[in-house]
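Look for chain A in each of the two complexes below; its partner is chain B in the first and chain C in the second.
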Partner chain A sequence: MPQQIDTYARNISDEKQHSVIDGSSAGTDKRYKALHHDYGDPNPLRKLAGAIKDHTLHHLDEYLEKSEKALTDRGVHVHYASTDEDARQAILSILREHGVTQLTKSKSMAAEEIHLNPFLIENGIDCLESDLGEFIIQLDGDEPSHIVKPIIHKNRRGIAETFLREGIAADYNDDPETITRRARVHLRGKYMTAEAGITGANFVCSDTGRLVLVTNEGNSRFGMAPNKLHIALVGIEKIIPKERDLSVFLNLLGRSATGQQLTVYTEFINGPKSANQADGPEHMHVVFIDNGRTDVLASNCREILRCIRCSACQNVCPVYRQASGHAYRSTYGGPIGAVLSPILFGSRFPELADLPKASSLCGACNEVCPVDIPISDLLLRLRDKAKREEIPSEGAIPMSPFATLATSPSLWRTAMTMSKAMNHLPIQVAPIKPLQDWLGQRTLPESHGGDFRKWLKERRR
Partner chain B sequence: MSRSQIFSKIRETTSSLQSKGAYPEYDTSIMHSAAKLAEPDLWQCFSDNFKAVSGRPMESVAQLIEFLDGNNQRYGYCDPALYEAVGSKLAAAGLTVETEYHRDRYDDYRFGITRATGAIAESGSLIIDDFLTSSRLAALSPWVHVGVLKREEVLRTIPDAIAAFGEAPNIIWCTGPSKTADVEGILIEGVHGPGEQIAMLL
Partner chain C sequence: MIVSDERPVGKRVMLMGTCLCDAFYDEAAKATVEVLEYLGVTVEFPENQTCCGQPAFNSGDWNASRKVARHTADVFAGDLPVIVPSGSCAAMNFHGNLLQFEEAPEEKINSLARRTWEVMDFIRHGLGVKTWPGTFAEPTRIAFHRSCHSRGSNSGEAILELLGSIGNAEIVPFGQGEQCCGFGGTFSVTFPHISGRMGTLKMDHILDAKPDILTSGDMSCLMHLTGLARAQGRPVRHCHAIEILRDTLPVKS
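Now for the complex of A and B:
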C-alpha cells in the first residue's frame, strides 16, 4: 500500500487541486513582492526573528510566568490546560459560570486543534465561526485546509450552493461580493446577540501581557464589542519577550502571510474594557494551552515552536500544492504540519510518520520562513525517529539491499555490470509489490551499468 | 494542577539545555520600510500609504459632507465630543446625526464618527484606543467609519506606535477598510466592519 499522503494526492479532484495551486502560488508571489520591495534582502530580519523566538523558548518558564503576572495584575483571569480535554473543560466552565448559551468565535488554530466547536455545540452552546472562510467550513462540516485561507480548496460555486442549502441565501448566487455581503448580514445579527467572544492570539508580550490579534475582516473585533466576556485560547509558544519585538514580528507576519505590511485590524488587548468605554468585555480570561507543546520543546525539533502560523511554507511547497492540506490528516498541513503534527500529536506518530517523508527536501520552506525554521533538517530528524522506532514505511521500497551494495565495492561492481541484464528482463512483472508500485509511476532509462567505471579506468592509464 | 505540570515540563527541558539563545540586541529602525517613509511630511506620508490600502484621507468637514452626501450615507453617529466640530456641520448640511449609539439600530447607521488616537504614517493605519474612542461599535457596524485626529497625532513608524501604547487595555490599528480574499482569492471590502475607512483631520 502506498503512503497515505500519496494516495490522497492521486485521488484529489482536478477542481480542488486547481483551487489549491492557484491560491497558494498567488500567496507566494504576494509575499515575495511585499518583502523584497520593502526590505531588499529580508534574510537578516528572518534570522533576527528566529533568534528572538529561540531565546524565548529557551527561557519559556520565565516568560510564561511574567506574562501570567502582567495579565493577572490587569484583572485578567489566567488558566492553564495541559491537554485538549483540560482546555475544553476550562472553557466550558467559564462559559457556564457566565450563563452563556450563544457565542461567536474568531479563527484560532489552537481551537481547531482541540475541536472546540463540536464540543461546545454538544454541550448546548451555540458556537458560530465568524471568519468568512471558517464560517463556510462550519456550514459544510468540513475541515480547514490552509492556515490563513481555510477554504483554499473550495470555489465560489460550492460556496453558493452551501449558502442556498443552509438558508443563508434565498437564491443561488456565486458572485464573491454577493457571497460576502450575505455573510455580513447573517453574521452581524449573531454578534449582537452573542454573550461571549472566543479568540486565539497571535502573540503575547510578556512585559505587559498584551495579546495581539490580527484579522482582515474585523470579525474578532466585532465578536468582542457587543458582549461582556472574552476568552482567549493561547498556545504557550505564542509568547515574545517585549512589546518592542512586535516591530519585528508584525512586519514579517503580514508580509509573509498575505503580502500586506499589516493586516487590516491589529488589536492589542491586556484587560477588560476601560471604565469609560461603552462597548467591550467586562471579563477577560486567557487559557494557556500545552497540548503537546512541552513534548515538542523537549524533542530535537523544538525549532518548530518558533512558528508564527503565516502559511508561507504551505504556499510555496510543491507537495502541499499537489496534495492539499487535507492530505496531512491533522490541524496543520504543509511543511509546518509535516514537522509539527507528528510530534505535537505524539500518540499519533506512527500514523503520521509518512508526512516527514513526503518531501523532496527542496528547502523552499526554509527560505520563506519568517522565523528561519530549518524545516528540511527537522523533516530528516523525524525520518530518523521513525527509523529508530521501527515504524514500518508502508509501500516504500526497502533500502537495506541498496545499503549492502553501496557499502561493498566488489558487490557494487558486480551489480553494476549485471544491471545491464535488466534491459532485457521484464522486471515490470516481477512479483515484488513495492517494486511494481514504484515502476507503475515511472519508466526506467536504459541501464549503462559499469560504463563510467570502465571509462574512468581507461582514462587514468 | 495543569499549571504546575506545564511549568515542570518546561523546566525539565530549559534546565537541561546545553546552550541557551541570548536575547539579540537590535535597533528597531531595521524594520522601517524606507520606500514607505520617503515623504517627509507625516500627514502626507500617512495619506499616501492610507490610500494604498483603500483608505480615504480627508482634510476638512466639507470634504466629508460631500462624500457622505454623494454616496447617500445620510444617517449616522457622531461622538458627542466631536459634535460641535463635526456633527453639527453635518446636521446643518441636512444629514441626520445622533450622539448616542443605540444597539438596536446597529444596522441603520450608515456612518460612525469617532475619535482616533493617532495614525501611523509608515503603514497607513489609524490608531483607536479605549480611552479616547467613545464607542467601539460605532466604529464597526456602520458602512463608513470616520476616525478624527489632529495633524500632530500622526506617528512616523510602527516601532514609534508601539512605544506610544500607553495604558489603554484595548488598542486597535485599522489599516484600511475591513476585507477578505477567502473566496477564490478575490479581494472584497466591507466584510464585517466598515467598507469605507476615512481618516479626517480636525
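Now for the complex of A and C:
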C-alpha cells in the first residue's frame, strides 16, 4: 500500500501540479541566485543564524520576560496563550472590548495554525484577509498550500474566474496586473472601514520590544494606518535577543524566501501611536502563543523551532513539488511541515506520523535552510518515535527479518548466492506487494549474488 | 553530515563491499579492489560483512538497525580505514549511526564512523590523487549523478575532479542536478508514484544531455534510475564511477 501522501500525489490534477512545480522551482532558482550572488558561500551566515536561534531557544524563558517588559514599556499590552483556544479567546475578548465588528488581517502562519479566520467570522466579526494570496484563498474557501506563496497551487485563470464569480471584477481578465489592481481597489475600501488590524510578526526584538514585519504588498501597513487597534499574534519562538541580530535574519529571510535582498516592506513597530504621530493604532496588543511549542522545545526535534518560515525547504523539496502542500494535511506542508506538524499538534501525532516518511532523505532542505536546521535528521528521529510508539504505517516493510539476515553472516552469504535463482523466476508476477510496487515501473538488474566474493577468493588464491 | 577530520589514511584498508554490490553490482566492488591495488593499497575484505543497516534505519526501526550497525562495527573492528564504494552506505557509517546511537553512544560505532571513507573521497583526499592517469579511447560524454548522500561530504567534488581529469572525458552538466533521483531505499516502495516521477524527471534531464555513460558514486540511485529508464524503453549505459577509473587505465602489457 502506498502511503497517503503518495496516493494524494497520484491523484492531483496536472494543472495543480504544474503550478506547484513551476512556482517552487522558480523559488529555488531565485533563492540560489540572490544568496550566492551576494554571499558566495552563505553557509557561515546560515550557521550563525542557527546558533543565534538556538541560543534564544535555550534561554527562551529569559528572553520572553525581557520581551514582555520591553513591550510593556512601549505601552503594548502583552497576553500569553497556552493553546489555540486560549489565543482565539484572547483575541476575541480584545476585539469585543473595543467593539470591533470589522477588521483586516495580514498574512500570519500562527493565525492559520489556530484557524483564527473562521473562528472570528463565526463570532460575528467580519475578518478580511488583506494579503493577495490569502484573500484569494478566502474567496475560494480554500487552504494555503505554501508558507510564502499560499496560492502556489493556483493559476491566473482560476483566480480570474474567482474574481468574476465573487463580483470583485465585472468581467473575466486573467492578466496578473489587472487581477492585482482589481484586488487593490476592493481591499482599499475595506481598509478604510476596518476598526482593527491583526498581524503576525516575523521577529520580536527582546532588547527594544520592537516588532518586525516583512511583507511585499504593504498590506499590514494599510491594515494599521487607519484604525485604532492592532493585535499581533506571535509564536513564542519568534523572539530574537537583540535588534542587531536582524542584520543576520533579514539578510537571510528575503533571499531564502523569494530571492529578494529585502522584502519590499520591512516594518519596525514601536508600539501604539505616540502623541506626536498623526495616525496609527492607539491600542496595541501582542498575544504570545505557545500552542505546542514548549512540547517541541522539550522534544529531540527542538531545532525545528529555529524556523523563520521562509519556505526554501518547501521550494526545493522534490516530494513537496510532486504532492503539493495540501498533501500534508496541516497548516505547514513540505519538509518543515513534515517535522513540525506531527509534534506541534501533539495529539495528532498518530494521525500525522506518516508525514516524516514522505522524504527520500535527500537533504536538499538542510542545504537551503537559512537557520541550519538538520531537517532530515529530525525526520529520522520522528520515524523512530512512530515506530517506538507502535503507530501503524501503511505499506511499511517489516525490518526484523532483515536484521536477522544481516546479523547472520553465513545465512547472508547463502541468501546472496540463492538470489541468483531470481534470474530464472518470473518475479514480475511474484505475489509480493512491495516488490510489485517497485517493479510496476522498473526492471530489476540481474542478480550477481555472491559473484564478487567468489571472484575475490579466486584472485587471492 | 559530519565527516571526521581525523580519518586514518594508509596503504592497508578494509573494504565494505555493500549489500548492493554483493547482490547485483559485483563489477563496482571488483573495480574498487583493482583501483585500490593499482594505487598500492592492500585491501582486506572481512567475510562476515553484510549490510550497513540503512534500510531499517530509514524505516524508523532503530532497534533493528542498531543490531545491524553493531554487527558491522564488530566485523570492521580495528584501526584500518574502511572504504565503501557508496556515498550512501558511507554516510550511514559516519552520520546515520551517530544519530541512532546519540542517546547511548558506543565506542565501536564511533570508531567505525571515524574510519569510514567513500572510495572516491579516499582516493582524492586520503591518498591525494589529483589527476587520474586514465584515458578513454574515444571522446566520452559522462553524466555524473551527484547522489544526495554525498551532500555535505567531499565525495561529489572528488568524483568530479577525478573523472574530469581523465583523457577524452567530458563531464556534461544537466538540468536540476541538485534534485534527488527519488530512490530513497524503502521510500521507493512506500511512495512508488512520487519516487517514479522523481526518477523520470531526473532521467529526462540526464538524457537531454546525451551522455555516453551515466555514472554515480551510488549504485542504488543508478539501479532505480536505469530500472525506470529500461522499463520506459530508453536504456542508458551506466556504471559506478570507480569502474570508469579502472576501465580507463592503460592496459598492462
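A few points about this structure:
The rule is short, and it goes like this: the second predicted complex is superposed on the first by the 443 of 461 C-alpha atoms of A that agree within 3 Å, B and C clash if a C-alpha of one lies under 4 Å from a C-alpha of the other, contacts with A are read in each partner's own complex, and residues count from 1 in each chain.
Here is the rule we use: a residue touches a chain if its C-beta (ideal position, glycine included) is under 8 Å from a C-beta of that chain, and two chains touch if they have at least 3 such contacts.
In this text, all values refer to a predicted model and were calculated from it rather than measured experimentally.
Once the two complexes are laid over each other on the shared chain, residue contacts for A:C313 go to neither chain B nor chain C.
Of the two partner chains, chain B is the only one touched by A:L45; chain C is not.
In the superposed model, A:M399 makes contact with chain C only, not with chain B. In the complex of the two chains, the chain A residues touching chain C come out as 2-3, 5-7, 9-10, 25, 316, 318-319, 322-323, 357-364, 366-367, 377, 380-387, 393-397, 399-400, 402-403, 405-407, 409, 412-413, 416, 419, 434, 437-438, 440-453, 455-456, 459. Of all residues in chain A, those touching chain B in their complex are 19, 22-23, 26, 37-39, 44-45, 48, 51-52, 54-55, 57-61, 64-65, 74, 79-82, 86, 130-133, 136, 149-151, 155-156, 159, 176-177, 179-181, 183-184, 187-188, 191-192, 208, 210, 216-219, 221-222, 225-226, 236, 241, 243-244, 246-248, 250-251, 258, 260-274, 276-280, 288, 290, 294-295, 297-298, 302. Looking at the complex, you find that chain B touches chain A at residues 1-3, 5-7, 9-14, 17, 20-24, 26, 28, 30-31, 33-36, 53, 101, 103, 106-107, 122-123, 125, 130-131, 133-137, 140-141, 158-159, 162-163, 165, 168-186, 188, 190-194.
Those residues of chain C that touch chain A in the shared complex are 1, 17, 19, 21-26, 29-30, 33, 45, 47-51, 53, 55-65, 67-68, 71, 75, 96, 99-100, 148-149, 151-152, 176, 178-180, 182-184, 186-198, 223-224, 226-228, 230-231.
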